[in-house]
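So, here's a batch of structures to check.
In the two assemblies presented below, chain A is common to both, partnered first by chain B and then by chain C.
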Partner chain A sequence: MGRTVSVEIVYRGIFQKTLAKNISRGVVLAARRGGKVGIAFGRYGDSPERNGVPAKNFAIVAPDQDELELSMAQYEPAETDVTIAVDDTLCKGVESWAWYGLQPINQKVRPDGVLVVTSTLPADAIVEFCHRKPFPYRLAVIPAIPSFSGLWVYKNDHTDVRVLGTLAKVCPELVSLEAMLAAIKEEWKDDLKVTSARRAYEQTEVRVVRPDEGNPEVPYTFTLPGWTAMREGVTVEGMPLGAPMRVGGEVGGYRPARNPYFKKFSTRTMRPVVDFEKCVKCTLCWLQCPDGCFDVTPEQTYDLNADACCGCGVCAAVCPVDDCITMVNEAAFTDHRSQWERYKADPAAYAAWVRGMLAGQSERSHGFRYRGQYQEQIAKLRAGAGGEGGGE
Partner chain B sequence: MDSSEMTAAPLPVLEPFKGVKRVPLEEYYTSGHRTCQGCESALVMKLMVKAAGPRTVVLGSTGCMYVANTTYYSTPWVVPWMHTQLGSAGSAAVGTAAGYKALMRKGKIKREPINVISFCGDGGGVDMGLSAISAALQHTEYNHLILLYDNESYANTDIQSSGSTPYGAYTSFSPAGKAKRILHRRWKKNVAAMLAAGHSECRYVGTVCASYAVDFMNRIRRALSIGGPTFIHSFDPCPKGWDCDPMMSHELGELAVLTGIFPLFEVLDHRLALYGKSKQIAEGRQKRLPVRDYLLKQGRFAHFTDDDIDYFQAKVDQMWTRWLVPGVLPFQADILGDKPPA
Partner chain C sequence: MDADAAAVQAAEVEQEALISGSEAVAVATKLVDVDVLTAYPIRPYDTLMQYVAKQIADGEQDAEYIVAESEHSQFEIAKHASAVGARALCGSSGVGWCYAFEAIAVTPALRLPLVAMVGNRALDDPGAFGTEHNDALAARDLGWLHVWVDTAQEALDTTLLAYRVAEDRRVYLPVAISTDGAFLTHSQSLVRVPPRAWVDRFLPPYDRGKLVLHPDNPITIAPQVNEDWLMEIRRQTDEAMRQAPGVIEEAWRDFRAIFGRGDGSPFFEEYYTDDAEIVLVGMGTLSMPVRVVVRKLRAEGQKVGFVRVRWFRPFDYEGLGALLSRFAAIGVVDRDFSMGSPFHSGVLANEIRATLYAQDRRPPVASFISGLGGREVTIPNVREMFELTRRAAESGAAPRDTLWIGVRS
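Up next, the complex of A and B:
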């Protein structure tokens, strides 16, 4: 009869809520066709979801009702057979709320389990983002621009069924391809979606990730105080006031103190790159940033704090100078170094870095900007990838 | 010194910021809140306390700005903050202001100006807490500001419609269906004008939008320094509920004003004046943009047909051409059609 299989879907809150629901629901529907039972659920702690903040859905499939109920006593599975990251920048780690720390994307993947990622990057690049595991596990990359939409209008680019088709390949004990395709056909009544799922099944390549591969950093963690350690009346200590920046011999500007328990950067999928040569010191990026993530430098320019920025793009939208602030795919960055300090250390090298960042842009967007946008994006996908996201 | 001066709580002197370069660098609401990307209400919190300064106490009723700002025993607030229940922004404001006044009168704390700001979302302010806000605006002996951050739905609990949700918007309570395209048929409440008209002793009521940050902060400073209870209605684009790219928050705030959907006005000592772009629209110096420019950029209006857009436009046109005070007071007095001789 087999054993209980756990699938975890890590997604961007709100942007991919419908996508994650479609995947977890699809898993359970397919499992039922295969004579098993299952349950799909969102994690309570993620609610209320916020745009971009990493959230999780789960699908648990068991051979019978008793086995399923056993595993339902858990808040979330301790380990998973499959973890799905529907956005590659999640592979840098996820921080879903304060005191959560930065948790590796593959944290719950069991030995010989599989991590499935949608990305336009090659598997080797994804491996570099993921924190190391002490044992080998498998990685499958679905070639796709991560699918982002919003709460009301869904971008039907077939990412949901391509993930489902891939699941049948990488975890056959979960569900057979036939059961999966039948479930997709019944749920969406769309032959193109069935074709997309089958193609994903055929094209999936799996790579083994060794323990000596990946990001060697140990991610930060916190120990949540128990109720006896909390302050009287459960009051929370306020944040201290910030202070002027001290850089080398210079003192000036302002650097706010920041909440150490929730850094928020794992919410980010795009990062602003500031060209300090073009800055006219208008203050708008700093003033309009909802997250207060700009430090005011002694020169009255504005330096992004890469721990605090959640990548909303408002700074780039309000900046009055062309190409002064540009949003760049977070996957292109390897560290959180201060851009201003880099600029001060070597302006010429910094200018070259900015040019490189702007030139190597890969496509990303954050949901609905105008009516008809998703149709245009899907048409482009079809034309570019020979039927991808819509079949023939 | 007469007895009322002895007992009245002292008021701060808060001159308007003269231009964006004079805005102080200090942040009293800092990074590390679990809000959405591009959350305009988080920006409202930041600008609100930046304008008020360090001697400020903030009270927040339940909503996004409570839940997201206290994620798991941590907070971005630098100034003291307290949570209050969903309908009690008004009661909390009066109670806190009265408490400080009493402590100062009894000599238990130093006599000094302390700003009391109580904020609520549109669920807390336009629906549930409206009566408490009304009561608070009658208690003229206490100095406080009630700030309504209006993201046009119960956004924290995943976008249920409120009395502030615009006509036709897609929400959890009003999904667009095949049989019924438009489920939310109520027109948005005009809360600031309602409160101004109904509370003749309240010295300041205003509307603001954080897309115009300096104007925004100067209205906060005016409300805090005038004395007595005051009320400000802030219009906050919400990427989650409006279904828009977070980078468009600023632009949608501007568009709501430029299309005339959300007029900027203030009632200062019972004198009503439009300001900013709304004033320019009224004076014919700024073209009022078609509402289409605003509606088509949001997923919550993606089901609108041309007829729906025309209807929305007609309602906004009516606000600007037929109302006694354009965009503010919906009365259509006969006297308008019967102009007295000059």
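Up next, the complex of A and C:
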């Protein structure tokens, strides 16, 4: 009769809430066709009604109800057969409202399990984002831009069924392709979506990730205190005052103290890039940032703290100078180095880096902006894919 | 009265005043120098408000007196005052207390030691003023300390005790002082008002230490938490409640030494229990008719007594268990109800049953509901309850179901 199979879908709050739900539902409905039972649920503590916050859905499929009950009334399984990241920037690790510390994207993937990522990046680049694991696992990349929509609208760009089609390939134990396609047909009543799922099944490639590949950093962790050690009265100590910045020989400006336990950066999908040559020192980015992410440099310009920034884009919106603060796809970065320190070390090289960042970035937005937007984007995607998914 | 009040502040001797239970609490707020009082009118709590307003207007009392736009705000204001280190008093009655429930529910976890007077009143609808204990008891499980008083003197004394216990660092929990509407809040009796100097000796200043909300001590209070934290927070509140009995006993000893009042246990009062065969148990002003009947029955040769529970939370299950297991039968009189509870009893009766379960000797417990909505518990009513309890003692079994005494059928 088989065993219990666990699928985890890591997604971004609000933007991908419906997408994640569709995927987890699709897994259970398809498995049902194979005579299995299952549950689809969201990790309750994630509080996914916040823009971009990393959150999780799960689909658990078991041979019978008794086996399934072992996986019920819990917030998440201990390990997964498949973990799906529907945004490649999640591969840098996630910190949600539900836990403390940075959880590697592949943390729950069991030996020989598979990580499925939607991305336009090559698989090797994705591997570099992911933290290392002590055993080999598999990676499948579905070529796609992040499918971001809103809380009340859904971008029906077939990302849901492309992921489902891929699942039939990477985890045949979970569900056959035939059952999956039949379930998609029944759930959406759309032949085009069935075709998209089949193409994903046919085209998605899988590679093995070895233990010596990936990000070698140890993710920051947090130990929960016991009740005798916790402060009483539901109180939390305030942040201490900050200190001047010290960079090389220069001392000055102000760097606030920040919460070392809850950093927020894994919510970010776009990162502000600051062109210090253009800055007019108007202070607006610094004042308006809701999270106090900017350090004041000794020159009274404003340097992003990439640990604290959740990528909301307010700084870029309020900056009065063209191309002084620009939001750039987070996937283009591999570290949290201070931009101002790079600028001071070599202004010319920094200027070239900024130009490159602004020119070569792939499409990224915070979702739904105007009526008709999704139709436009999907048409463009189809044209770019040489008519793939046509037939409408 | 004004002359009395002025004299009290001047002299190191007790003065006598003719005041109601609510007014006694008001006088106590002056004696403990409460910083912030919040008010919103509702019977019978308004009798406290009126008296405090007069004390402030007459220049006898110096305090922030804030009339809120609702009970919810009233309790929130008192909470926040307590958080910044101010000694605060609040209170309400019946549905007013319930309207503040959101604030009431979170006060214990935040460890804010405010004191509230509950002028016990039936919950509307139908609109009613009379006493019923369900208003205060609605908050019985949340970490508030609950104490019931039966005289204006005890209302004053208990207010002093309440601040001492609430503000003890080991406790830091709010205290609700329940005073029966009408019988306590609207009848004046002679009360000994201690001099301020005695009170100062009894009650140290409120020191919130590292939990004080102040620019010199920057903290965040009550951030959002998830399942990783809440159980530990609940356990902390639980621990504070576990510390409360010891703190109450200490305060009671000091109170007796300074004020010369307060015999026996702080948690309950015994009346003719030494050789009693059967007793009634109850809270609040029920004590008046019960005491009368105890004396009458004693004169007739019956060995009866009365146990009045003062502190309902913390519930002195050790002391009450040891005491009550001695008797041949117990009758518990609830001025409240708990619809659908075991045996359809009131709240107190089932607490007593649970307490006795841990005892080797478990006398029969007859449970009565009486005096709801402020109805008088009459002398014949009390005689009837003693009689039913006596029969339980003789037969060795109490009626299984709760009996409503004084209800028209």
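As a convention for this text, the second predicted complex is superposed on the first by the 369 of 392 C-alpha atoms of A that agree within 3 Å, B and C clash if a C-alpha of one lies under 4 Å from a C-alpha of the other, contacts with A are read in each partner's own complex, and residues count from 1 in each chain.
Convention: a residue touches a chain if its C-beta (ideal position, glycine included) is under 8 Å from a C-beta of that chain, and two chains touch if they have at least 3 such contacts.
Remember, it's a predicted structure, so these values are computed and weren't measured experimentally.
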Give one of first, second, both or neither to describe whether A:A345 is in contact with chain B, with chain C, with both, or with none. neither
If you stack the two complexes on chain A, which partner ends up touching A:W227: first (chain B), second (chain C), both, or neither? second
Of chain B and chain C, which one touches more residues of chain A? B
Once the shared chain is lined up, is A:D291 touching chain B (first), chain C (second), both, or neither of them? first
Touch test for A:L70: chain B only (first), chain C only (second), both, or neither? neither
After superposition on the shared chain, which partner residues are touched by A:V321: those of chain B (first), chain C (second), both, or neither? neither
Of the two partner chains, chain B (first) and chain C (second), which one does A:N305 touch, if any: first, second, both, or neither? first
What is the contact status of A:P48 with respect to chain B (first) and chain C (second): first, second, both, or neither? first
Check: chain A residues flagged as touching chain B and also chain C 97-100, 224-225, 230, 234, 236-239
As the complex stands, chain A meets chain B at residues 13-14, 47-53, 97-100, 149-153, 224-225, 230, 234, 236-242, 253-254, 256-264, 267, 282-284, 287-293, 296, 305, 308, 310-314, 316-318, 327, 365-371
Residue numbers on chain B that touch chain A, as the complex places them: 20-21, 23, 25-40, 42-43, 46-47, 54, 64, 67-68, 70-81, 156-159, 170, 175, 210-211, 213, 239-241, 243-251, 296-300, 302
Report the residues of chain C in contact with chain A in the complex, numbered from low to high. 109-112, 172, 210-211, 218-229, 231-233, 235-236, 239-240
Contacting residues of chain A [partner chain C, same complex]: 45, 75, 97-100, 224-227, 230-239
